[in-house]
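Shared between the two complexes below is chain A, which has chain B as its partner in the first and chain C in the second.
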Partner chain A sequence: MRLFEVEALTVGITGSPFPILREVSFYVEPGEVLALVGESGSGKTMTALAAMGLLPFGIEMTGGDVRLGGDSLVRTGGTVERSAAQMSMIFQHPTSALNPTMRVGHQVGRVIQINQRLGRTQSLEAAVELLKHVGIPGAKRVARNFPHQLSGGMCQRVMIAMAVACQPRLLIADEPTTALDVTVQAQIFDLIKSLVSEIGCGVLFITHDLGAVAEMADRVAVMYGGQVMEESPVRDLLAEPRHPYTRYLLESVVREVDHRVEDIGVDFALTGCRFGHRCPYVHEKCNGFPPLVEISPSRRVSCFLKTEELR
Partner chain B sequence: MTLLECRNIHKTYGHGVATVPAVRGVDMQLERGETLGLVGESGCGKTTLGRVIVGLNAPTSGKVVFDGEDVSGRLHEPEFRRRVQMVFQHPQSSLNPKFRVSTTLREPAILLTSMRNEELDQQIEQTLRLVGLGIEYQTRKPKQLSGGQLQRVAIARALMSSPDLIVLDEPTSSLDQSIRSRIIALLKDIQERRQVSYLFISHDLSTVRKIAHRVAVMYLGRIVEVSETEALFNDPQHPYTQALLSAVPSIDPDDRSERIILRGETPSPTALPVGCSFQDRCELVHARCRVEAPLLQETGPARHVECFAVQ
Partner chain C sequence: MTGEGIADPGELPPARFVVDRVHVTEEKSRTRRALSFMRSNPLFSIGLGLLIAFVGMAIIGPFLVGDPLLTNPAGMFSPPSADHWFGTDEYGRDVFARSVNAARLDLSIGLAIALVAMTIGSTIGVVSGYFGGRTDEIIMRLTDILLAFPGFVLALIIVAALAESLLNVVMAVAAAYVPYFIRLTRAQALVEREKEYVDAARLAGNRPLRVAFRHVMPNSLGPALVSATLVTGWAVLTVAGLAFLSVGIQPPTAEWGVMVGEGAGDIITGEWWTSLFPGGMIVLAVMAFHFIGDDLTESRT
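Here is the complex of A and B:
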């Protein structure tokens, strides 16, 4: 059974006919890392927020299903049940995601206190243990510090401690190292990997860095303009990208590009395939919405071109 | 021919007891038409060094020699300003939001050159075309442009006075991968046409590898290794460079070489250890490193390393 599954998730601004996320589908198996990769504005974070039931005011889920361990988390009216004890999230900017007025030990302690119904002193002790466990030297002293007294890497370790405090079944990591230096990033990746194998949870790993994908993920879902373009095991995707957008993305990392081609960035087509206006293979059919179709076991691509044509 | 030379540059912020030595004795040369990549992690002093070179900060001690002349005390002279320009990290905040693109480009030319009227309009059109924007962009304001387009405008502004040296402070770190590659290609193209030198400051090693002829690695205010780009990436010699390069996640899934994970955190620049500043995190540390600081010494052709173990 799949641990976590998002099916045809559609999210839009209340009253707008154009969805922000359009039929986003992917799944995570237990103990697996699925990377959600895409450029800014592609809807990676929005997907995570929708799955966590944390959509901002004015943005609502209009269709689709989110399932954890086979049970749907979607309640009537399109809200998603928050299940903090089973799903937890690491945010992008650790320094701003932590409460600046609370000592970090207490912040971690609160998570334990609320979710495991322990007393205040007990949970604080557990928090110190946890801080030690995520590799913070002098955990007892650091627990009494405020976030501003810690470096970015240390704050991210605190965030991770909070996220794993309740042994979640699914961990969502939203660009956990974007704000950090590469050597710190390597330390954090190492930590996440070891914690995941220890807890055995699934991970939804959100990033824009294809290097991080190759490093961390088992499978990848590539997003563009709120649409999943391709879902595939990481090796196959990097060796042989199928979707025209995936190719474009990989080429921009590896090859010399022509700088005279206009920058398009986050701009995408509102109707039809969202990559349509940039795609070299575009044809009339692309005015419709291409569904995510299985082209081989474990690979799905959202493109009207046939498998042979996509090779 | 050497265009820029830094001789034993020191820059210390603050007074009295609370001083932060941001740059601690940097010697460096930059040739005409060359790109020198300056890499290092946050807080290592790379931006401060860039600002000292363009004259935005006065060095505490040391000399900046530009084109054979000591310019340390002459940084406000228009002729030096004309020849040395800077591009900042966030184009959104370095461009005046109220200025149209044409006004933004006109300012440096009016202040620093004798160009007027038609000549100036021509220069604006020419520069816009050089950075890959059409002349129709002249009337736009920053909020009407994307991040990549804004950075092109910022580059155009730096080019307006036909400088010999442009200091680029993390020009691509706020951009998406595909746009980042284009900006790099653009900068290379401009260099070919105009023979301008770049000091390319970045923490992103893969970007630096694409553009720089030589790379200088900074750690805690000192350059620890300088070398030609490919030599540095293929055979890093300083233990810090080795760790830094090994921390960059590779896009190649077969490249699963053992990562060097650094111990602990970068020491605070306010409480530096005696001797080598990398000693507590170094695998090769021995007694001498704890009492004496190594100096940058030649270890091969065009290669300088600051480490006893290598020398």
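Here is the complex of A and C:
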């Protein structure tokens, strides 16, 4: 059984007929890392927020299903209900994802206190252990610090400790290293990897960095304009991208410096394929919405081109 | 240090550059930092100086001066002298003793009003800003109504409607300042609620009210705390103003507004000191809070 499944997830601004996310579908197997890749504004973070039930005010889920272990998390009225033991999230900006007025030990402890029904002091002790576990030197002292006293990398470790505190079945990492510098990036990747194999949870890894994808992910879902363009094992995708957009995306990670992909503007077509206006293979059919079609047992592509034409 | 490739210390060439003087920015002590801050913010320093003087006056003053209510028919309307620094009033009471005693009352009332207004106002403001939607709409329209009245008039109406007691004065004037704190805190809560730590707190499983008061509120209090200093000053002014109009605190209580009210009629007959000195106290006290509050507001932005 699939651990986590998002099916035809559609999200829109309240009252607007044009969806922000259009029938987004992907799945995560147990113990697997699925990377959600796409440029800015492609809907990666929005997908994660929708799946976590954290959509901002004025944006609502209008269709689709989010399932964890086969059970739907969507309740009536389009709200998603989940507990910290089911899913948790690592945020993009470690320094703003921690409450500046609370000692970090308490923030981690609080998660344990709520979800494991431990006493306050016990949770605090557990929090210190956890901070030690995520590689924070002098965890006992650091637990008494406020977030502004810690570096970005340390804050991200605290954040990770909070995320794994309840041993979630699915971990969503929303660009966990974008705000950190490269050396720290590698450490954080290693930490996430080791914790994931320890807990055995699935990971939804959101990033725009194809290097990170190659390093972390087992499978990839490529998003553009709120639509999943292609879903594939990472090796296959990097070796032979099928969807026209994926090819553009991989080309943009350039070998020669002067080679630039033209037009990075986000002026999507509101109806039809969102990549239509930039796609070299565009034809009349593309005014309709292309469904995700299975082109091989492990790969799905959202395009009207025939399977053999996609090569 | 036994790795290969590291030269034997003996083979190292002699150092070519000799550092003969190192300039290190002097670590300033806390007091020196405070002093340099004061120098660059003269108004703040004046305000702070005045405030310290007033607080000292409020705390120990009443023990040092005479009874503010002691009348002396023989010595009425005596001008300022060595015995009576601020002169005496129509009952022969010592204006200085009364002014000093009034400092304790006025400052504590001002502070109490600011605290009550801030507590109630920021609580409502956080609820309004964090939960939004219809709750926010209703609260905002209600504050609109309250803000349509000038604060002083509103306080006047409330005190007039309630029985006259110290507590009611505090409540009435606080009520006049509550909408101000609601607005301030709501605006900040709107900013804070979009931050990731709020999402993180929700993800951790905190109940909505706990997220609002434990996470959003402490981070939304900044502007309200700064404005509380300004409001303390305004509250002193409002209370004194009400007392001047014989609303709220009544004679013979030693209170600046009461004293100005009682002494106002004496100016025309030449006894300027009975109203000028307590009036000056009000000006200085309000100025102290204003200078401090203004500077804090500026340094926040």
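A few remarks follow.
Criterion: the second predicted complex is superposed on the first by the 302 of 311 C-alpha atoms of A that agree within 3 Å, B and C clash if a C-alpha of one lies under 4 Å from a C-alpha of the other, contacts with A are read in each partner's own complex, and residues count from 1 in each chain.
Going forward, a residue touches a chain if its C-beta (ideal position, glycine included) is under 8 Å from a C-beta of that chain, and two chains touch if they have at least 3 such contacts.
Remember, predicted model here, so these are calculated numbers, not experimental data.
When the two structures are aligned on the shared chain, A:His208 is found in touch with chain B, with no touch to chain C. In the superposed model, A:Pro56 lies in contact with chain C only, and not with chain B.
After superposition on the shared chain, chain A has more residues touched by B, the comparison being chain B against chain C. Once the two complexes are overlaid on the shared chain, A:Thr101 sits against chain C while remaining clear of chain B.
Touch criterion met: A:Gly153 reaches chain B, while chain C stays clear of it.
Contacts of A:Ala186 after superposition: chain B is touched, whereas chain C is not reached.
When both complexes are aligned on chain A by C-alpha atoms, no chain A residue touches chain B in the first and chain C in the second. Chain B contributes residues 41-42, 132, 146-149, 152, 176-186, 189, 203, 205-206, 210, 243-244, 246-253, 259-262, 264-265 to its touches with chain A in the complex.
Across the complex, chain C is touched by residues 49, 52, 54, 56-57, 83-84, 88-89, 91-93, 96-102, 110-111, 114-115, 159, 162 of chain A. For chain C in complex with chain A, the touching residues are 132-133, 194-197, 199-206, 215, 218-219.
Every residue of chain A that touches chain B in the complex is listed here, in rising order: 39-40, 137, 151-154, 181-187, 189-190, 208-216, 234-235, 238-239, 248-250, 252-254, 256-263, 265-267.
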